[in-house]
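Pasting the structures in now, so scroll down.
Presented sequentially are two complexes of chain A, the first with chain B as partner and the second with chain C.
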Partner chain A sequence: MSARIGILQAPLNFFRKKTIYPIVLLLFMLELLFPIFISNYWTLRIIMFANLFVIYATSFDLLAGYTGLISFGHSLFFGGAGYLAGLLSLSFGLPLTVCIITGCLFALIVGLLLGYICLRLKGPYLAVVTLICPLVVITILYASPTILGGENGIAGFAQLAGGSLIKQFYIVLALTMVSLLIILVLARGNLGLILKTIREDELGAEAAGINTTKYKLIAFIVSGFFSGVSGTFYAHIMGSIGPTMLSLQYGMSPIFMIYLGGASSIIGPAIGAYVITFLDLYLLAFPYMRIIIYAAIIIIFLRFLPGGLMAVPSEIGRLKRWLS
Partner chain B sequence: MAILNVGGLVKRFGGLTAVSSLSFSVDEGKILGIVGPNGSGKTTAFNLISGFIKPDSGRVVLNGEDITNLKPHVIVRKGMARTFQIVRVFRHLSVYENIKAAKIVNVNRGEDRDKKIAEVVHLIGLNGKETEKPINLPMGDLKRLEIGRALATSPRVLLLDEPFSGMSHQEVIGIIPLLLDLTTCGMAVVIVEHVLRELKRLAENVIVLNFGEKIAEGRFEDVMNQKVVREAYIGGSNSA
Partner chain C sequence: MDILVNGVLLGLGYCLIAVGMALILGVAKVFDLTYAIYYTIAPYSALVLIRTLGPITPVWLIFIVSVGASVVFALMTHSFLILPIQKQHVVVLVSTIAVCLVVQELLVFKAGSEPIHLPATLRGSANILGVWVTNQKLLVGGVTVCILVMLWVFLTKTRLGLAIRVTAEQPEAMKMAGGNTRMIYLFTAILASIVASIGGLLLSPIYPPHPYEWLDLLIIALAVMVLGGLGNIWGCLPAALILGISEVAVAIYVPFGGIIKRTVGLIIILLILVLRPTGLFGVKGWEEES
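What follows is the complex of A and B.
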């Protein structure tokens, strides 16, 4: 019996140890071959967007999963950075690299400001404030049709790699690999442990000598920066951007991704990002059903599998033990 | 030599004076007990000293340095750690991670962090339970873990808020040698406790609080025999 449990526990232990880094690298190496074997333009494009959402979801996991600061307005970083990068490209004709770097730094600064505003907020109060921020920006966008494009957004700015899908695919792949490895190292290192203590008990963390203010700000900054990275690249692949990128839809997406995959694990949200991106594709035909289906999935997962897909091996193990 | 000096601490919550002109000092390597009936201001005093609440007036001096109004994590780095009446360990992190989290931010120059963590785990008697999560541990072990987390910060003064509450008699007996051991290396310990029988074995001196005021101070036996202290505990002529 114990041997059977051991076999079931093995995948979990495997993921917990440092072997995760070569596995991640290997998966990205496999993805290098995708453009050779996948000829369908849209499939490659969806995989590329899934990779961008991996950055978005895993950066959100640092804030929500690790630190316990559930933000409903993470689209502020994603869309805000994308908007700024697009505007700089369209209005000032700045080089794409400058636009992308500026967009990412903007997200970092917004992370610092939002983090400062939200320092003393928790739970529903934090959720409301973070929910309102992107809505305020959307209102400003709607009110500025000449400068910010209004409800139609802005279009026609420089595309990444001149619009070449294959080049875009490889650039995004490299970007995702580097970002994911950085986030993994941060989350599995001392920073991740300290962020978890804040989630577990903020007063306890202070009593342990942890400067909770500083580390909450770090969580907002790092999370905001990487969300900005995904947002600017998303905008420069599309070549256009609209207020939708700041909407609740994009604010909720990382929440769905981390709880589906398994919060506070980084790899779980990365898996969740892939599942949600592909699910989105199939649900395009049912726009009104989409949110209902997502809500149902999240309720089912939170109720019956709070550890998300990452907890499946241990849950199977528990079920086997119970049955025996 | 006094390592902790508390002078004239006052804290009011609206019309209620929770702590009124509290003054005391603790010497290196000594254990001081703070006793008093429920609501006498013992935990508020701890919160004021450890920076979790700002005092209205008064001073807290640690090792000659004024630490009044400093933030809790800064006070920890200055050399004073605390535990809570209701344990505040990180329940979903392992025993090892609980200790490590405190050590990461309080590592001294040239110190071997992993060795120090192993030492703390050994000292609190949780060897073999490093990978256990606190949610699976009994109260005695949780109290030990919280003390261990405080010790990982290498404190010179340790504040323990009701370390025996919720523990069985066996667990209390088991933790006393650990607390006595701490003083042998010069650490000063301040204990807020209701279990007077066990406190008597630890603290040479005690102070007694009632309605936020210090009503007695001195050797344990002497203080407990004072009329004013007995009245505070069991109700005297002033109590209705």
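What follows is the complex of A and C.
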């Protein structure tokens, strides 16, 4: 496994250097201008959701790509935080900021718990355990239709910024910029290096004096927190939330995004999030083909281009060398 | 008594679901989740056959065609997708889940998301220790026991069974001894798909299959395997019986039991994997290899 993920490292030197920060900032500055040029309601909305999924996918990358702990149940953080925020808002009428902060903190605590449970597990076992956790929560939801909404979920709680799209767009944009920069700094700094060391050789990391337990928990907590951020904002933008947000579909989507963009590169998953969200838009016309096309894409990528889109330039270089 | 008889029969059904998975995941150590699809494909191909040939299609023909369809699917996924990436367990896991999703959506597209209903292989019911159960459930129980015995004989007494076990333990040693590991992996997949499709056909009149069934099946199979100990086929039977009896008990005694009983398997997997990764009857040290 470790050999394989070694290949998955983004081989693009251009993105490795510090130049990445100005580029990311520049792209976000460009997005600031979008509401001026794009008057179409739905296009703006899709871009906003793409930004939320950027947070979701990059936070997942910190856990799956960097630390190598591939969790199939990241929807637990995404949906769990969203559910809590929605419930607080609907049942107790708490102000929106309180709901969102509580939801995010809840995701953080869940991350701590799940990380503690999964400390000893790795590879497929971790995947199985994390696959199961959201399913347990979904069954609990189904079993209590009165309080937790059952199969229909809960709807009708407060929307972010009173439902005004432009305000929502800018809030989400600022949020994405801050989260992405925090995750980038963490992943490219000391923490990312330590997490990669743990992924490649846990025993070796321990021998080098790294407290692997602590850093694995940190990976779970940070990843869970940012997934919770995206989940709560998603719920409060939609104004409704259902068990689907905890389902395998949302658990698999960050996996699709990171493998499409290129795992353990942060920028790759962000690109993947954009690509998949926009594919979603164009595939709305063929509802049955959506998952088929995603799955087919991901199978092809895993099989033939394990580095994802980030590896395309180096693959082309290799092809050129091979031809000459 | 009610709980015991129904639980044992349910458990035998679960055992039939899990045994093929135990073979492919436990013995061959390939994390192939398309196993659940082998199981689902059989009743759907039987449905197609019944629709084209009419209701008087002989049972043996249905069995041969559906098992054949499932074997072809197993061969295709294994030779084109799983064998080249077999060493990376997590990559296999992700891509097999993707395959499952593809098949699920294709089935929804072609046959609708409603459960399909197949006629029972055996009609009528019988009285077992004062509890009335359908003959189909008894048939499932009998077939499960037969399959377990046949697998046991095959794995321990024949040279091919020995080869499968050696390949799982040390593929390099098998290659050095001149064995064709590729063929052996394919053979294991064929064996698992035969078991799975027989299970799918026999259980489909009791639990109508639907396109989203694979996740439930996977969870049942994983729960049974993890409880019995990964890599240990013989742990399947007691583990499946425990799961079956406890699910029936939960369904009867706990409020909202009909919904909550599905979490029994999930919670079993969680607890066992976290607290005692070797399972109840597990082989020690298995989990450390991967």
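Please note the rule applied: the second predicted complex is superposed on the first by the 313 of 324 C-alpha atoms of A that agree within 3 Å, B and C clash if a C-alpha of one lies under 4 Å from a C-alpha of the other, contacts with A are read in each partner's own complex, and residues count from 1 in each chain.
We take it that a contact is a pair of C-beta atoms (placed from the backbone, for glycine too) under 8 Å apart; a residue touches a chain by one contact, two chains touch by 3 or more.
Please read all numbers here as calculations on a predicted model, not as lab measurements.
Asks: Could you classify chain B and chain C on chain A, in the superposed arrangement, as clash or fit?
Replies: fit
Asks: Quick one: chain B or chain C, who's touching more of chain A?
Replies: C
Asks: With the two complexes superposed on chain A, say which partner A:252 touches: chain B (first), chain C (second), both, or neither.
Replies: second
Asks: Contact-wise, after the overlay, does A:20 reach chain B, chain C, both or neither (first, second, both, neither)?
Replies: Touch partners of A:20: none, neither chain B nor chain C.
Asks: Check whether A:140 is in contact with chain B, with chain C, with both or with neither, and answer first, second, both or neither.
Replies: second
Asks: Return, as a multiple of 10 degrees, the angle whose vertex is the Cα centre of chain A and whose sides reach the Cα centres of chain B and chain C.
Replies: 80
Asks: By the touch definition at the top of the document, which applies to A:210: first (chain B), second (chain C), both, or neither?
Replies: In the superposition, A:210 contacts chain B only.
Asks: Of all C-alpha distances between chain B and chain C after superposition, which is the least, in Å?
Replies: It comes out at 11 Å between the closest C-alpha atoms.
Asks: So in the complex, which bits of chain A are touching chain B?
Replies: 190, 193-194, 196-197, 200-201, 203-212
Asks: Can you list the chain C residues touching chain A in their complex?
Replies: For this pair, the touching residues of chain C are 31, 81, 84-85, 87-91, 93-95, 97-99, 101-102, 104-106, 108-109, 215, 219, 222, 226, 256, 259-260, 262-263, 266-267, 269-270, 273-274, 277, 287, 290.
Asks: Help me check something: in the complex, which residues belonging to chain A touch chain C?
Replies: By the definition above, chain A touches chain C via 1, 4, 70, 72, 117-118, 120-121, 123-125, 127-129, 132-133, 135-136, 139-140, 142-144, 248, 252, 255, 259, 288-292, 294-296, 298-299, 302-303, 306.
Asks: Contact residues on chain B for chain A in the complex?
Replies: Chain B residues touching chain A: 50, 52, 71-74, 76-77, 81-84, 88-93, 97, 100-102, 104-106, 149-150, 152-153.
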